[in-house]
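For reference, the structures are reproduced in the following blocks.
In the two complexes that follow, chain A is the common piece, with chain B as its partner first and chain C second.
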Partner chain A sequence: MNLFDPFTLPYMQRALLEVLVLGALAGAVGVLVVLRRLAFVGDALTHTVFPGIVIAHLLGRSVVAGALAFGVLTAVLLTVLGSHRRVGDDAALAILLTSFFSVGVVLISRTRGFTADLTVFLFGRVLAVDRADLAQTLAVAVVATLVLALLHKELVLRAFDPEAAAAMGYRTRALDLVLNLLIALVVVAAVEAVGTVLVIALIVVPAAAARLLTDRVAAMTAVACLLGAAGGWLGLAVSFEVSVDHDLRLAAGATIVVVLVGLFLVAAAVAPLRRRMAAR
Partner chain B sequence: MSLLDVFGDGFARRALLEAVMVGGLCGAVGVHVLLRRLPFFTMALGHATFPGVVLAALAGISLFAGAAAFGAVVVVVVALLGARERVDDTSAVGVTLSGAFALGVLLLSAQAGFSRDLTAYLVGSIITVGPGDLVTTAVVGAVVLAVLAALHKELVLGAFDRGGLAALGYPVLALDVVLLLVIEATVVTSIPAVGTILAVALIVAPAATARLWTERLRATMALAAALGATSGVVGLLISLQWRVAAGATIVLVAAALFAVSLVVAPRHGLLARARTISAAPGPTPAG
Partner chain C sequence: MEPDPVLVLRRATVAYEREPVVEGVDGEVSAGQSVALIGPNGAGKSTLIRAVLGLVPLTSGTIEVLGRPPQAARRQVAYVPQADTLDPEFPVSALQVVLMGRYPRVGWLRRPGGADRQAAQRALAEVGLAERASTRFGTLSGGQRQRVLLARAIAQEPRLLLLDEPFNGVDALSQDLLLAALGRLRAAGAAVVMATHDLGLAHLACDEVCLLNRHQIGFGPIGTTLTPELLRATYGGQALQLRGDGVIVARP
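Showing the complex of A and B:
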């Protein structure tokens, strides 16, 4: 098993770059998602951008623009609906998620390549990432990193102590909107290349593993970025080696997710040891 | 063509019957899902049954059995992960959801025909339900409703006051597991009609709509069941008339009913609330 050989092929290089950037970006945003317990929001956004992608596809426009429009719409609706007491966050999310996704399914069910399109959306085509995809992902990563760097203190405070954040004069509703928009950005950057299932895994799994390993937010972010990128790399290499050498085809995106979950399980196994050593 | 002419065909009659039964079942169960704040868990169950479906298809056994078995595994995994102090429930569900779904994709991709039959499980195919599916739905629906009716008092108390339930000597954990299994059975039963991804919509949306209209729990359940069945029938009619995906249309009808109710419902609707706020300025009381 060689971790470097597969990446002499140009398409494997592009795939590697894509998952490294996405893994690091999603890891950083994921820490906030895990701290705020927003995994469901991430999951919802991966589904609600679908109609945007379908509409853009049907109109022959940029898929990223369509996804971005619906991602922003979702982020705003989530922030508004979440404040209705009788409905509740999770019910609002479930309804938004499924109805937006349904709009996409209804629209795309009128076209001919229905099954193939849906499959690509769900499972991605990370091995077919081209230069334009890479450029878009990099651009989004730069924007998201800037926002994260500028508002890091406020977002972390909002996560741990919303009352204090409000008392100090921060506009918590606006901060919620910013975080929802950040998650939407990650989803938009990643969804076309790697599929919805991989996006939610990249956001939640490395951050949840990092949370098991450390208590400090800065360290958690670093570990989550590293785990996300490492999972992407390992998953690609494993999927390539197994497919080529052992003639057993493993979907690249799904292999990355399984590797990430494996890393999470290792972290869950190591965490009690670490705490025992710290307690001594 | 009159609307009812559509149901002259056998497949359409079967689809109609399935839509009514699944809609009613999901609506009734959905009230408990909302009371316990389990929509995300329900969503995860839908995704997590996927590897079970793939394995069952490969082994040539009943897809229901495969989905149900894997769903049960997920119930246990989420419970175990969530019991760890540093993994909160939401993250546990998120990790389990994506991991299980990826496992399904991996199993499928290792086979030759990658996207074979996938779409039907993901977004449903109510037009092709057979007599066997109808019987399964009827039996599972009857059992689930019987369990809900028999344990109504205990389940509701457990949703509002777990400590009280334990103090009264009820087995709290066993009741939790029963409810999770009921939800799982409902999700698995809905797969032929609306698919794994959209099943959660038919469970959550009618119940959330009903909660906007009434405060009483039994009335909420009856209304949710009626709304679920109505969504099923209306969505099916629309999809037959305009030839669009049936499962997704059913979900959109359920969501539209919710959206309208959110605006116009008495007391909890946005219009009513706006009126209350303008009548009595100042912050509205909690609750």
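Showing the complex of A and C:
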């Protein structure tokens, strides 16, 4: 298999740049999601963004703008829900997730030939990413990176010890909103490439693998970014090779996720060895 | 002239959904003083601490920290939670936990600098853990973790220190080191308030006591306030009387 040849094609170059940026960004945000054990909240966000995409599509507006609007809306909703102990449980999240998602499906099922559109929004089409999509992803990545740089240590403190963070005067609910918005931004950035369903894998899997391999937040973040980007690259290369050489069409987005899970399994296999080395 | 007290409570009352959790707490704590909050589970000790931190609103009465409302004084206040409430799998070293105490002075965007690292190292040395700086927090023993959290509070250089059951599940060595570090903090002028249900340690660590069971039963010097009558009033049916004046508290 060749890891470089496919990327001489312009559309493959754009796809590669897209997944490298996305993988690194999702990895960095994913570290906070994993440390806060918010994978299910993240998953809810990926689904609640869906009706925004559909509405924007039906109105002929930018899909990313629609995703952003619903991403912000649900980030706020989830933060409010999360601060009420009685409501902020699994059931409330599941209701929110499924109701938003269903509204999206109902809306899109009114259009003709909707299954094609549905597939694109759910699973993305990374090979069709154009310059405008790439520019949007880059812009979102820059914003998210700035926010992370500005508030990273505060977000980590809040994840580790929310009571002490509040006692020090940090507004923990505002920090929760920031993290939910960051997740929403990653989902928005990933909509074109991998769709709303698979993006949670991009967020959670590299960070979970990195957690197995490191004992420090900084190292975990670096490893998660690298794994996310590497998974994107490998996934693209694999799906291209198999499609071209063996005439088996592999969906690029899903192949990336499968490769990421493969990397996670390798990390899980290596982790006990690392612990034994560290214990010596 | 008597210096202004660090903490002043006047008829302080906290209620959740109209149900009073802790009612009518009166008292003053001066620099260098240490007060034990004593009472059974559910007496409102943790709620009172949260009120002094400005994390729950008072329904009546006032709390002043250094002459200001609690929210305005947070930079001068440090809080030490129970170590076992924190995720032992979290990937941070002991030193990084202590450094968190410096975050409010570091500010956004910037990372803790050399001076902050030195302060954190000194604070770890204060609790006898200088050699464990790079050990992952979760792999330390319960007592060591509690000492790391006290070191984080020391690194904040507080004028008021609030502790929630700091001696729970703590080994004897850690207990001695915690007591010694608390003593040095008080000698340096910090006021200390700790929730505890260990009367023996309250005697060792504090000179004043606030007896609580949903309302204040007594507040004053430990020698004259920890009386059998007041302890019975605090613990109700859970207090057993032994010959004469002795009281032991069952299932505190």
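To be clear about the criterion, the second predicted complex is superposed on the first by the 279 of 280 C-alpha atoms of A that agree within 3 Å, B and C clash if a C-alpha of one lies under 4 Å from a C-alpha of the other, contacts with A are read in each partner's own complex, and residues count from 1 in each chain.
Operating definition for what follows: contacts are C-beta pairs under 8 Å (C-beta built on N, C-alpha and C of every residue); 3 or more make two chains touch, one makes a residue touch a chain.
Since we're looking at a predicted model, the values are computed, not measured.
**Student:** Which partner chains sit in contact with A:Arg274 here, chain B, chain C, both or neither? Use first/second/both/neither.
**Tutor:** Touch partners of A:Arg274: none, neither chain B nor chain C.
**Student:** For A:Val258, select first, second, both or neither according to whether it touches chain B, chain C, the two together, or no partner.
**Tutor:** A:Val258 sits against chain B, while chain C stays out of touch.
**Student:** Look at A:Arg211 in the shared chain and tell me whether it touches chain B only, chain C only, both, or neither; answer first, second, both or neither.
**Tutor:** both
**Student:** Comparing chain B against chain C, which has contacts with more of the residues in chain A?
**Tutor:** B
**Student:** Figure out whether A:Ser102 sits in contact with chain B (first) or chain C (second), or with both, or with neither.
**Tutor:** first
**Student:** Using the touch definition from the top, say if A:Lys153 reaches chain B (first), chain C (second), both or neither.
**Tutor:** second
**Student:** According to the stated criteria, A:Arg171 is in contact with first (chain B), second (chain C), both, or neither; which is it?
**Tutor:** The answer is neither, since A:Arg171 touches no partner chain.
**Student:** Touching chain B and also chain C: which chain A residues?
**Tutor:** Common to the two interfaces on chain A: residues 211.
**Student:** For the complex, which residues does chain C have touching chain A?
**Tutor:** For chain C paired with chain A, touching residues are 53, 55, 71, 74-75, 77-79, 81, 85-87, 90-93, 96-97, 100, 103-104, 106, 108-109, 111-112, 136, 152, 156, 162.
**Student:** Touching residues of chain B toward chain A in the complex: what are they?
**Tutor:** 34, 37-40, 42-43, 81, 84, 86-95, 97-99, 101-103, 105-106, 108-110, 114-115, 118-119, 122-123, 197-198, 200-201, 204-205, 207-208, 211-212, 243-245, 247-249, 251-252, 254-255, 258, 262, 268, 270, 286-287
**Student:** Which residues of chain A touch chain C in their complex?
**Tutor:** 35, 149-151, 153-154, 156-157, 159-161, 163-164, 166-170, 211, 214-217, 219-220
**Student:** Which residues, counting only chain A, touch chain B once they are in their complex?
**Tutor:** 34, 37-40, 42-43, 47, 84-88, 90-95, 97-99, 101-103, 105-106, 109-110, 114-116, 118-119, 122-123, 197-198, 200-201, 204-205, 207-208, 211-212, 248-251, 253-255, 257-258, 261, 264, 268, 271
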